[in-house]
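Down below are the structures I want you to see.
Two complexes come next, and they have one chain in common, chain A, joined by chain B in the first and chain C in the second.
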Partner chain A sequence: MTRQARDNRAPEETFEPYEEHRGIPLPVLWIAIALALWGVVMLFQSHSAADSGITRRASQLSTQTGQTADAGAALFVANCSTCHQPEGTGISAAIPPLAGSPFTAARPEVVTQILLHGINGPIRVGDRDFNGHMPSFASVLSNEEIARIGNYVRKRFGGQPPELTPQLVARERERFADRGPWAGGAEIAGTVDASLAPQPPTVPARIVPTDAATRHLVNDGRGDAWACASCHGAQGQGNEDVPRLAGLPAAYIAKQLGDFSSGRRDNDSMRVVARALSKREMAALGRYYERLSVPSTARPSLGGDLARGEKLALEGDWENKVPACFSCHGPSGFGVAPTFPSLSAQHPSYTARQLADWAGGVRSNSPVQMMEKISGRLSAEDRRAIADYLATLPPVPARKPTPEEASNANTAR
Partner chain B sequence: MPITVGLLLALSFIVSLIALAFLIWAIANRQMAFDQAQAETIFVPGEQGHPDDATAAPEALEARAHHYDPVRAGIDAVSARPVLVLLASAIFWLVLGSLFGLTASLKLHWPDWLDGSPALTFGRVRTLHLNMVAYGWTSLAGLAVVMWVAPRIFHTALRNPRLPVIGAVLWNLALVMAAFAMASGWNDGEEWLEIPWQIDMLLAAAGSLFVIPLIRTAIARNVHHIYVSGWYWMAALCWFPVLFVVANVPLFYSGAQEATVNWWFAHNVLGLWLTPLGVGAGYYFIPKIIGKPIYSYSLSLLGFWGLALFYSQVGIHHLIGGPVPTWVVTLSIVHSVMMFVPVIAVAINQHVTVGRNLWALKESVALRFISLGAVCYTLASFQGSIEALRSVNTVTHFTQYTVGHAHLGAYAFLSFTLFGAIYHMMPRITGRAWPWPKMIPLHFWLVVIGFAIYFVALSIGGILQGLAMLDATRPFSDSVILLKPYLESRSLGGGLMTLGHLLFAAHFTAMLIARRPAGTMEGPRETRPAVAA
Partner chain C sequence: MNRIAPLSILALGILAFATLLLVIVPGIQINTEPPTPGLKPYTAQQLRGRQVYIANGCVYCHSQQPRSADQAPDDIRGWGRAAVASDYVFDRPHLLGTMRTGPDLLNIGARLPSREWQLTHLYQPRAISDWSIMPAYPFLFEVKDKAAPGDVVVSVPKEYAPRHGVVVAKPAALDLVAYLQSLDRTMPVPAKAIRDDGYDNDGVGK
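Moving on to the complex of A and B:
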């Protein structure tokens, strides 16, 4: 290319830009038409996608709220049958039967009150005595659900007509709004329905004071160990990523604090707090939280498939070598002290986070690497499903202090 | 079939597409008839070509018709003052904005650096960067190009040439006030709308002072046909005040609705304000520097009206997964993808003209800047359409990938185009050649290499960051830690870009204060340092 040739092509300063008259090239038209068709299909489908999403959500809600025909049965299977057994037979010497029980045949208020507040004390069903240990469903079931579950149980096991209504449940909820669990059959017979007597004598409930130092640690903190309550809530109820501590086994809490302190379990906040605590204080905090009984504040929030979560919790997924959660963590996920923490009423964000951390190797402090292996076999959807399902369960009932603990606490004061 | 929102949307979408197709068909055909019949009217007296071949095709005859000497017509002299005021302030904001951008970038991997003063915390520094380069550099430089070129394509001097000067002063005053407000922590709390609304009123008033001269010049034009750049610029100057005022109405929006208006504006300020400024500049300078016409008038129509129809809805793709109705988001995604159509049209029009005349790239750094800018417009638009898809957005949203994309559009497309335009315009405005011609390619390579590092680092880092955030089995901190080398590369690239801007600003200043006698200059055509050397 010569300099001369270049100069010839160089434009004159007076040249003004203009456009030539050409049609739109055909490929451009084809692309435009293809994109337009795609756009029409997308717009049309988006609504059906939103529709199916709404339908799915509605059916999920109806399962949760018991708005379907056999909701009572479904609610019974989901909430009662792990302990009371699908046929209502109970477990010899441990869980009272429902079938043929005078409680299911008594006035409707009896079943309502037991469901609302739970039982923590001796109870006589037929001619056998049980050490009653039933959770409160007040915080996880609506009035509508309690009415349906109560009607189902009373009809199937007590042969009673459906007398429970949401209004009746609401009244009963108001009636003893602030009380804890019933202290046994005697108290129920004395307060709600005298026909249930005679009942075994109730051991008088003892108020177990915690020592002032532990209370101070929980509520006010000390130096680096800032107050537990500042994150975990005044009653250890937790929130979202911060776990619920109320009702966890004392030994489990103490072990976790030890693991945070030694670095076996990693969390930036808890490492600082745990390192400021002595072994004695860790154990004392464990005992403090183990005895708390707090309504559930957890709700499904991750969009998990509750039916899938329930299946995993109750039966596991043996094709993927995932055992049922409850096979170790106990019926209804109430935990098996000292090693297996309770899972019920735990906040779903926290549960899913822990499962993900185990799967990813971020958390690795479970005995014999059990949780690491199991979590690794769960998909992200399964983790969300389990976490959401566990959040629908009632909280673990408070463990009654043993006489020694009670007397120790009294001396400590 | 039940009437659903989806069906109504799909139908209205089809209807608007048919209307658009009809509009383009109608204009293209009527306009062709006009031009054939009225070709002679385009000739400016005395500027008529002298056909040396009597058998020349009508196109060739028409080509010779497209000559006009704006210097002799005396219109450049009228626009020179407002354009120089606009350019000088634009370059001031470019330098200041780049320094704030570099500071923000460095803070991402040196978090403790400059942490002593609230005004220098990341949140404020980043906000200052965005507002200075968006409303200071690109807007003012774009307006300078409009004020310079519009009279040339309308073949008449700029009307009310004092208004743009007043507008530039008020606009700069508003920006200075806004910068102090934001540095002291006073802002409206929404991205792209940070400037407090009290100051926005001044900015909007200043903006309207540019609209009046442009419209009045267009009405008084001496040509029948308005060249495509004119459509983009008149549309942009009319759209922007509407967008800006509607989005800044105080105390009117709240909650999810506020977020919707926020992103409707934030994307439209790119697509309906900055983009038309840059595309219009590309449409003028590419054929101007090469001396060859644009490929197709019909494609110009498709590109312009496609932008006007589709762009206004794309902003809501920033809220995918957010609490807004699904159909709003889907509509936005469909419109984002439909943007392929006008972008392809502009791409063919501009790239074919450059592709057939690659020799010109060697000779003109200005053209190199502008045509690289045009290529980046195509790339940024394609990338944006793809990013709007839900499947891609899931990974890239909330990551540095989006930052890379934003700079591909606002920097590699718009700023490159504006650099080239300024290199072409300045010798003609001042009547002097650039004092240090070798610094022009140096500026070019600094910002091109700097931007390449910047873009590649953020795109790769952003995808890795997105995948890490999606993987629930990895702690969040993983997504932060893995980014560090990419953020450091970004600072390196940003540093080179800033260095290029400092050279550019120095060169510009030297040209302004140079007092060389007119005789020593190579001539106002001098934008080609290769030829000059």
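Moving on to the complex of A and C:
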């Protein structure tokens, strides 16, 4: 009876399920083998990526330090020719010529010292007097690079054999380690090479005193404002996205402080500081930083294409309606007071950040919206390239005090 | 379940293989890496500050690992170059962090070196940026009627200043700021240092 009541659709109760041995299907096996092979290939590929990364960095380093074949000529074009002109002719009444100049034919120490310290004073080249105003390259060029430029200039314009070596440059660097720019041709003739005389008399250095209140504001701050130096550095040299202030036009600094205070330029920390300052203090701080001349502490750090940056700075990119930076900001990016700030030796992440801010509408306080339009036409790579290139330039040379400041200083003394 | 033994051996084998390739080999590689030239060990005060940093959970909102330019625009933000293994030689344990609710701090000592700014900001972030969502840390400070000699007085804008007296930093705040000031990895990296080169195998970088 029980047997009859059983439902025939149900499986046999004594049935034990089992599986026969079946090998992995061939397609699955092939896929597994293919994946394994792919893994091995990727391992080798990414290994070669690490190697090519190292090679690339090494080659970048060598182009940056200019260890290519004709480095002297390339360095001359990059560092000297904006002022002294590609043919070394100078600019009449403004920039002394190199071609035929007794300085290029003098002892090798002369060119070395001029490159290392720059000039700020009267200098006689041939039968003409110039108001010398040359930056110091000590902080942006290595001994090797200075030797190459020096040899190139002395050979091409003075017909001299290559006598500069990195060792000689290192010795000359040591010799006057802490000095500022040469105060004109007379000092060079008196110290380095007497054959360069006669030179126009050097005007004694006029130090314009800074009032104690401004110095206090810069170095110690006040209850309602942090010290400028606590972020921008003891000498206004800046770091990363804290800008270098040394050598910026006084009027530019005062305008930016005013814009921070009114909100035209947006920066939380600077707004706090600027709101604590009076108009008079802003102007005094501008004058303080304009007069500072400190070595460059900026280095290219964004991986930008330096050659592209140089092209944009010198020639611009007219297909994209981008004018040359230097057409407004002055040769070598030294700035044109009062409106155009100096760009040379500025920290690359600050420069790139500002360009990105102009383009994105975060910063919009330039006269006639010029920087907003130009930055908007630059690609992110171009912004990196320009910022890195500007960081390779020497800092602004020490600015001469205006006659008015000088007379004030003299009466103060 | 049958064939337990081969299954568990296989599972253990896979685990051992992964541990070897993902933990042991990189560990050997990284342990031989010298510190980035120019990187200094932390001082006693900076190490105390590091403990304050850990105790207050800064790492939950702040990373310490700037990325390379093809991953994020950290270099333009001023957060510094991409970090490499040798930057963390003196950090045990490292405080890389995963969240970026706030900015990356590995180079805060380079881009905001001001002790005064840091103190004001820790006392009340809103005093500087009214939109900031960072918590204030008033318990690292004390309000005194008059600053004693040697006290570090914090500059606080009027809206946020206590009605009477001055705000003075406690030692913990000073230690923390000393640690923040020491976070500076802007020195250049040797070309041979271990780093992530991605899959960029054509040798043309961005």
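Rule of thumb we're sticking to: the second predicted complex is superposed on the first by the 348 of 413 C-alpha atoms of A that agree within 3 Å, B and C clash if a C-alpha of one lies under 4 Å from a C-alpha of the other, contacts with A are read in each partner's own complex, and residues count from 1 in each chain.
One rule holds in what follows: contacts are C-beta pairs under 8 Å (C-beta built on N, C-alpha and C of every residue); 3 or more make two chains touch, one makes a residue touch a chain.
Just so it is clear, the structure is predicted and the values come from calculations on it, not from any experiment.
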Task = Kindly classify A:48 by the partners it touches after superposition: chain B alone (first), chain C alone (second), both, or neither?
result = both
Inquiry  = I'd like to know which partner A:356 touches here: chain B for first, chain C for second, both or neither.
reply    = both
Ask   = With the two structures laid over each other on chain A, which partner does A:230 touch: chain B (first), chain C (second), both, or neither?
value = second
Message = For A:127, using the defined touch cut-off, is the partner it touches chain B, chain C, both, or neither? Pick first, second, both or neither.
response = neither
Ask   = Who does A:269 touch here: chain B (first), chain C (second), both, or neither?
value = second
Inquiry  = On the A-aligned overlay, A:178 touches which partner chain: chain B = first, chain C = second, or both, or neither?
reply    = neither
Task = Once the structures are superposed on A, label A:319 by its partner contacts, choosing first (chain B), second (chain C), both or neither.
result = neither
Key: Contacts of A:302 with chain B and chain C, given as first, second, both or neither   = second
Message = According to the stated criteria, A:40 is in contact with first (chain B), second (chain C), both, or neither; which is it?
response = first
Message = Give me the intersection of chain A's contacts with chain B and its contacts with chain C, in residue numbers.
response = 45-46, 48-50, 53, 352-353, 356, 380, 383
Message = If we count contacts the way the header does, which residues on chain A are in touch with chain C in the complex?
response = 45-46, 48-50, 52-58, 61, 221-227, 230-231, 233, 239-242, 268-269, 272, 299, 301-303, 349-350, 352-353, 356, 380-381, 383-384
Remark   = Listed in rising order, the residues of chain C that touch chain A in the complex are 69, 73, 75-78, 80-81, 107, 110-117, 120, 127-129, 153, 155, 157-158, 186, 188, 191-192, 195, 197-206
For the chain A and chain B complex, residues of the former touching the latter = 1, 6, 9-25, 28, 31-32, 35-36, 38-51, 53, 352-353, 356-357, 359-362, 380, 383
Query = Which bits of chain B are touching chain A when the two form their complex?
reply = 4-7, 9-10, 13-14, 17, 28, 32, 35, 47, 59, 62-63, 66-69, 71, 152-153, 227-229, 283-284, 286-300, 302, 326-327, 330-331, 333-335, 337-338, 340-341, 344-345, 348-349, 357, 359-360, 363, 471-475, 524-525, 531
